[in-house]
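These notes are about the structure you will find just below.
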Amino acid sequence: MTFEWIQIPYALLTVFIILNYGMIMTAIMQKIGARVGGRYGIPVWQNYIDLVKNWALRTKITHGVMFYLGPVFRLTGGLGLILFVPTIYGSVMHQNFSYSGDLILALYFIFFGTLGMALGAGESGHPHSAIGVSRGLAQVTAAELPLALAVFSISLQYQTLNITEIVAAQQGSIFNWTLFTNPLAVIAAMFGFVGTMMRSPFDVVLAPQEIPIGPPTEYHSAYLALMQTNRVIFPIAKTIIYMNLFFGGATGWGAFAVKVFALYFVTVFIGVVHPRFRVEQSIRFFLKWGLPVGILAIMAV
Amino acid sequence: MNTVDEILDFAIEREQQAADFYSSLADRAQSAWMKEMLLSFSQEEMRHKGKLKSVKLGDRLLKADQHVQDLKVSDYLVDIEPTADISLQDALIVAMKREKAAYRLYSDMARTIDDPELKQMFLGLAQEEAKHKLYFEVQYDDQIMRDN
Amino acid sequence: MFEPTPQVDLSSGKYLKLWQGPQHPGITGNMALELTTMGDEIVDCKTHVGYLHRGFEKLMERRTFIQNFPIVCRIAVPEPTFNEYLYAAVVEELTGIESPERAEWIRTLNLELMRLASYLMWLGGIGAAFGQGTVYQWTVTHRDYILDLFEEMTGARVYHMYIVPGGVRGRLPEGFEERCNDVLNRVEKLLFDVEKVLFNNFVFKKRTKGLGVIAPEMVDQYGITGPNQRAAGFVRDLRRDAPYLVYDQLEFDVITATESDAYARSWVRYQEMHQGIRMLRQCLERTPREGPFQARMPNVLHWEVPAGETYVKAECTRGEYGYYMVTDGSEYVRRVHVRGPSYTHAIALMEKLAVGTNIADTAGLMVSLHTYPPEIER
Amino acid sequence: MSTATDLLERFGTNYRISEVNEQKADLTFFKVPKDQAVRLLRELRDDAGYTHLAFLTNIDYIERGIFTLNYMLHNYDTRHTLGMHVDLDRDNAEMESIHNMWAQAATYQRELREMYGIRFPGSPRLDDDFCLEGWDQIPPMRKEFDTAAFSLARFYSRDGRGTEDPREHMKQQLYPTHTDDAPEGGN
Amino acid sequence: MKDMDKSFKKDTETEFPLREEMRPHQVTAPDGQVIDIDPLQDYFCQEPPKVHAKSYFKIVEDFYNWARAHSLWILGFGTGCGAIEMRPLMTPRFDAYRYGIQWRPTPRQANLLVISGYLSVKTLKRAIRAYEQMPAPKYVVGLGSCTINGGMYWDSYNTINKFDEFLPVDLYITGCMPRPEVLMAGVLELKKKIKEGRADGANRYVENFEWYKANQKRVIKNWNMPDYNW
Amino acid sequence: MSLKDLISPFYVWQRAFEKPYTQKRPIEDRPGAPRYRGFHMNSEDCIGCGTCESICQNRAIDMVPVEGLEQRPGDSGLRPRFDYGRCCWCALCVDICTTRSLHLSNHYAWVTEDPDAFHFTAGTDPMPWNENSLGYRRDDDYHLLVHDRIEMEMLGPDESVRGFDEVMKGYTEEQAVLEADRCVECGICVATCPAHMSVPDYIRSVRKRDYETGLRLLYETNPFSSTCGRICTHRCETVCVMGYQGDPIAIRFLKRAIVDRVPAERYREILGDDVSDNGRTVGVIGAGPGGMSAAYYLRRLGYGVTVYEAQARAGGMLRYGVPSYRLPDDQLDKDIDYIRSLGVEVRFNTLVGRDVTFQSLLDTHDAVFLAVGLNQPSALRINGEEHPRVLSGLKVLDDVANGLDPGIGRKVAVIGGGNVAMDAARVSRRMGAEVTVLYRRRIEDMPADPDEIHESQAEGCTLVAQAIPVEIKPAASEAQVTIVWGEAEMVADDKGGRPRPVLQEDRMHEETYDCVIAAIGQGGQIDFIPSDYREQIEFKWNKFVPGDYQQTGLAKLFVGGDIANSRADAISAIEDGHHAARGIHRFLGGSADA
């Protein structure tokens, strides 16, 4: 497959759809969580209003160039992730540039956003940001370790790093999904998934009770809006990768919506009922439970 | 007395007499404040006279339909002969009795007369006198019967 | 015991000065912790208070005895009733007024309800401090149900101003018993859920076990009282040791634990909530429905309390709460000192326990000590 | 014989104990001179079982020119509380610190330093701000400090208030004194 | 240490000239007292705030105001008693999230400062700092009697009486303490005000900046803050 | 970490399927509880006593005048105005409210942009919650004030009828302090007291057991404190705010509690009455309370005072009209002797007009104060009045006071309902007679003290209300008399005065008594004033109408007492005397503040 200009507007359309989907889905997730707490929660369109409001705030205080670039990097990470994985398998419009990207690139983008954030937050000079960033980096690294092993495992299994091909290999029957063909790898990967979605018990990066809100402490108005945008795109992009790698991808928007929702819900399901790990506890948790499973997965293959 | 005006003139004359009576009594009174007192009675009568005059001129009307309370204070009190050293209590009794007599007079006249207009006039005058009597009765009640 | 703080050379770059509060979600109320950290580890902690200082003790010196009654409840915001009771008790002791039995029962009911409400708030706090927001949602709501009961009984949700010197301000409303029982049942059901989600949660256990251990010998040195003391293995409870009100007629257990860490303290409090419900049920059953609820009082507008001094204490949710009052026979009090347990727990003890823990644990540690800044500063 | 009298008899030989007041069965107040106070405290804590320092506070007797410190000690075994009074000179209030005996005493001493201006040499962080910040007046808990006047002078009160005394108001309305239309001089 | 040689000392004043408003100057307090102000030390945001103009198009401004009204992020700063009634507000019983209200733990992301009750001088300083750190447009709600006229602490030596002298207040809620419902009613009222475009406290603060600063300085005598901005 | 720990948290997901706790519309659906302490309401019962203001520890309440409110004694015309920038809703004001007019509604929402808006006068300003029926009310069994009067030891009716011992024993010190403690010190009574005594202040001095200050306060306005402490008509107590829910403060007896505890010998030292003559003299006609009061205050200002008294002893109506079981002679003497001890000269048995002329008084003194009182009993003016067994009440009392036997017999009818009538009845009762009191109006209309009415009833006097004597007839026996009386119906007075009785001729009664004591009122006697002066002096009915400072048109003549006011009690006479003394002082060139 080769690059064509028409793919750029197609990709933008994909991003737009994902953005809106993410907005509404995260709101629904919040409502579900609120329901467990016994309340109704925010209106589903609340995220849009917040976004508009933050764009409309007038005061902008900057702490330097990196402070400004932080959210941009972060958004780039999210967007890049989407652009180089096929959102809808087999769709011309929504396969993005997936033919040119592979898993390594995707993993890089996952990390890229975090790093950008780290730089920006570090620039803000707020100690809570700094602590949050150091925690974030440590935890993400630890959480990605099982994921990396799982990725390694399935790349051995499918003999490719190209996501499109991996998805293709899972088509046909539900039992072709990696979930069933290589369950150990999926379990290992899910450790990484849960660990990087910033939900308890692994939300020590934001940890409102400890370091008020972590890295974004100093971010406000348009910067914050940018981060909010990212915060709906990035988890979905990550979820898409998991969906593609382990759950057979999506061949239509319907399957996409259901699978992303289900995967995302896993984190909510765990998060709502658990307190938060301390950072070294979560690292230890990943090393103790995630790592062996990942190694087992490789061994199994 | 066959016309309204005549009746009124008669009544006015009576008020004038009453006023004269009190002022002459005041002239003879020994006590300083009884002079004052009796003069004020006299003035009260002159006020009544003025009122009747204005009725005669048509400035105001006498109302006959209104009920005037009769406290009956004077009914059981003894008759007093006005003297020079009359006391306040006695002066009030005299005044009450005089007004009562006037009331009787007009009431009787009203009873004997057939002409409804005149009858109305007499009743009105009787009413006036009843009011005057009530005034003195109330004063008696307040000033003399303070503890009773 | 006082130990000199290690001299920290901030310019060395190894250390980071970190302020938690006063505007910080992890701090209970409005106070600040000045942490010196090395990495995530705290090497020095200093408590800063005074953000809520209103000078109550000064204000009370210039108000008459009845005028002090509405003001004392403001001293500890989440738990005003104990102040009301203690103030009433201290004045009653100095004047020799005895509140009637019915009032004593109603007061006990009131105090135990307050204790339950306060514990519910704390339960939410400990959940939230460790990132379990759901528990917080539940408990604050159930506390609100108790506040509804208070509103019905006393006329206000938070500052009840119900226990006056001499008795209480009104009788229990009609049908209060059923509604109260209903709320108690709901709270009890909730407590079992909380046990499932919080106390039986491996993450929570991991976080709290071994956190902030109070050695038994520290208890007297630091003046630690209440559940914090009982979690260290001491069987001391003023309700049993020096019974006031009608506690000698109620059945309840003194809950203790031995581990003396954050989990043990939480568990002691959790069980005390069950004991509270048990006591409340007894109160509801046995509170007299007839009889006076106020002693004969002098004219309160110029109420002269005889000269004297005394100290009255009670077991509040956090420990020994006491009022020390000195009077000189005038219409005004000479001196009041309010002894709140948070005073030692949040300052000396917190400063000691925080050293060596993780930044992430300070909030949880504070909540596990159950401190309220307003009663420190008064 | 009560615990308190027993105890005071035990220490009475070595210490000048005065003004013993048995307030109730489990609470006794007494007074010792300043120079013996800390020694007695230590003895009470170590030998007599009064291990719990409930609080330390101060009473201002401005008319007598003294501060009276009150150490409230509790014995968990006998469930008895002792209030130990120590008189200080009000103008030059200084007291030996007991931060080495109870950890929370340092905090109380900080508070007393700030609120009354009593010095406790050696007590840690004694001169740091405790509750107040930027305080530029005399220590606020001292009796001569008028908090209402201070509050009105510094924080102001909202305008639009004004009250009338019913008695004075009725006087003006119902029986005002006649000053303008009084009788003229007669001679 | 030996005094530095004058020739090595840079003339920072000419090299980096201070803007006029940043130089130390004097303002007159409402009570006539003249107060020295050193902006570099006294202002929490290192420069005086600026008046923020409205959008050029009314419809855009209205749209923005609508969004602002429906997305009120409260700074989680409980300054006094009232904070305890703000918890029920954010929890299931009253669930203010339904109205687009959220807690924000950092002033940078909040646009509503609820002063929940009395303010001691020490807290006032932090509240001012929090307020100045909040991005405009920002709103202040005074909760409880204490913010109006001192409340029951009217004679306390450590609590202020008239909050509106120190920060521009958009709305007062009376009560001691106000029930969560009233707070909710207050927020709904504030929404109305924002939608109508009348909630311009931030601009009022800028326009009367000197007056506010003079008032603040009258009360707050110690302007040193722990080192960084939270 | 057990498996249970891993799984059990997920159990609570079941809560997701339960109905949320959220109130959909909390503002509308959650009104305050029935006992909720919301915003203030005030009913029309408020009298503006300001007790709420004095208990408010937040200074949140101002007492402010309200437009369109009728100013009357017993109502200060002020109403509480609340500052919700101060209020803390403790509801102490509700608890202490003396009339129970103040309530709290269960309305609790008030949100405004304007911080100055939170002021309102409860009950008067239109507020949305004015009609609320729920909200905090004071519980009936809950009191912050003491509503029951402290009982005073007094002779029981059985004992009291046996002699002329004083009935009221007076408060002991403890009782007095307790009674004084009930006072809320609002000051409503001051306006009602004719002498405007500083009632709350001296009550406070009783509470503080500071009788010297108390005495000084008493003597500022009333030199007959010992007397007034016993027989004052205590108008103050009728408006006392404590009377709205309980018994009014026993103000009269608290006054007595002060004087009872200060020996007469120390008066001069305590009051500091150092008299220095200023060379002017004032004549006072009548040594009753008015005259002696004027004499006291004038003497204190340094005037030479000569009192002309027709009787042999001073005290006027207090001496001859008030029986000794109400006012023992020694107590009256205590007051009068103190006044005389300052150098006031009293010429007894000196009747102006007979022994000296009025003109000579005017000539010898710089000013004259006239307070002869009402000493002429009004006649019944009904048929048969001349019967020898018809006695006047005043005469009976006079005789008893002078130790004479009035000769009333065993069965007595007293006509009248004033204090004289009551005293006559009770005196007769003490002399062993069976007493019936005939009164034209209802018992509640009686001008006598309620205490006297009750005590006389307790002592066995029969009160027959609405009985109008119509005729007196000789009885079969020479020593007896028959009275004819008719029942009365009350009719309302158009002008709002007390209802007036109307005789019902069809319901007449006849009864025979040993004597009939007429005590229907009194008139005055001022014939000694030459008629030349009458132009200058203003009268109304049988009384003087004094100008400011009790001055008459005759500049040197000041009048006071019963002859110059319509209130007819001792305290009014005392005030007149005081007022006149000030007026005379001004008139003679001094300052009116003295």
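Order of writing sets the labels: A, B, C, D, E and F. Residues in every chain begin at 1.
Here, contacts are C-beta pairs under 8 Å (C-beta built on N, C-alpha and C of every residue); 3 or more make two chains touch, one makes a residue touch a chain.
Owing to the predicted nature of the structure, the values given are computational and were not obtained by experimental measurement.
Chemist: Hopping along touching chains only, can you work out the least number of steps from chain A to chain B?
Modeler: Minimal hop count between chain A and chain B: 2.
Chemist: Under the document's definition of touching, what chains do chain C and chain F have as common neighbours?
Modeler: Touching chain C and chain F alike, sorted by label: A, D, E.
Chemist: What is the chain whose Cα centre is as far as it gets from that of chain C?
Modeler: If we average the C-alpha coordinates per chain, B ends up farthest from chain C.
Chemist: What chain lies farthest away from chain A once each centre is taken as the mean of the Cα atoms?
Modeler: Greatest centre separation from chain A goes to chain B.
Chemist: Rounded to the nearest whole Å, what is the centre-to-centre distance of chain B and chain C, using the mean of the C-alpha atoms as each centre?
Modeler: Here the centre of chain C sits 86 Å away from the centre of chain B.
Chemist: Nearest whole angstrom, what separates the Cα centre of chain C from the Cα centre of chain D?
Modeler: Each chain's C-alpha centroid was found; their separation is 24 Å.
Chemist: Can you check how far apart chain D and chain F are, centre to centre, with Cα atoms defining each centre and the answer in Å?
Modeler: One centre to the other, that is 47 Å.
Chemist: Going through chain F residue by residue, note those that touch at least 2 other chains and give them in order.
Modeler: Within chain F, residues 9, 12, 15, 20-22, 32, 57, 83, 85, 88-89, 115 contact more than one other chain.
Chemist: Which parts of chain E, given as residue numbers and ranges, touch two or more other chains?
Modeler: In chain E, the residues touching two or more other chains are 91-93, 95, 98, 105, 122, 148-150, 152, 154-159, 162, 176, 179, 228, 230.
Chemist: Of all the residues in chain C, which ones touch at least 2 other chains?
Modeler: Expected reply: 17, 24-25, 50, 53, 55, 58-59, 62, 70-71, 134, 137-138, 141, 159, 197-198, 201, 206.
Chemist: Every pair of chains that touch: which are they?
Modeler: According to the stated criterion, the contacting chain pairs are A-C, A-E, A-F, B-F, C-D, C-E, C-F, D-E, D-F, E-F.
Chemist: Using the touch definition up top, name the residues of chain F that touch chain B in the complex.
Modeler: Checking each residue of chain F against chain B gives 376, 378-379, 381-383, 385, 415-421, 439-440, 447-448, 468, 470-471, 491, 493-494, 497, 500-503, 519-521, 523, 526-527, 529-531, 533-534, 537-539, 541-544, 568.
Chemist: Per the contact definition, I'd like the list of chain F residues that touch chain D in the complex.
Modeler: The touching residues are 48-50, 53, 61-65, 71, 73, 76-78, 83, 85, 115-116, 119, 186-188, 190-191, 196, 200, 366-367, 547-549, 551, 555-556, 583, 586-589, 592.
Chemist: Would you mind writing out the residues of chain E in touch with chain F in their complex?
Modeler: Interface residues on the chain E side: 92-95, 98, 142, 145, 148-152, 154, 162-164, 169-176, 178-182, 184-186, 188-189, 193.
Chemist: Which stretch or stretches of chain C touch chain E in the complex?
Modeler: The contact residues of chain C facing chain E are 17, 19, 22-25, 29-30, 32, 34, 50-55, 58-59, 62, 70-71, 74, 77-78, 121, 124, 136-138, 140-141, 143-144, 147, 157-159, 374.
Chemist: Note which residues of chain A are touching chain E in the complex, please.
Modeler: For this pair, the touching residues of chain A are 34, 37-43, 46, 49-50, 52-54, 56-61, 125-128, 208, 212-213, 216-221, 224.
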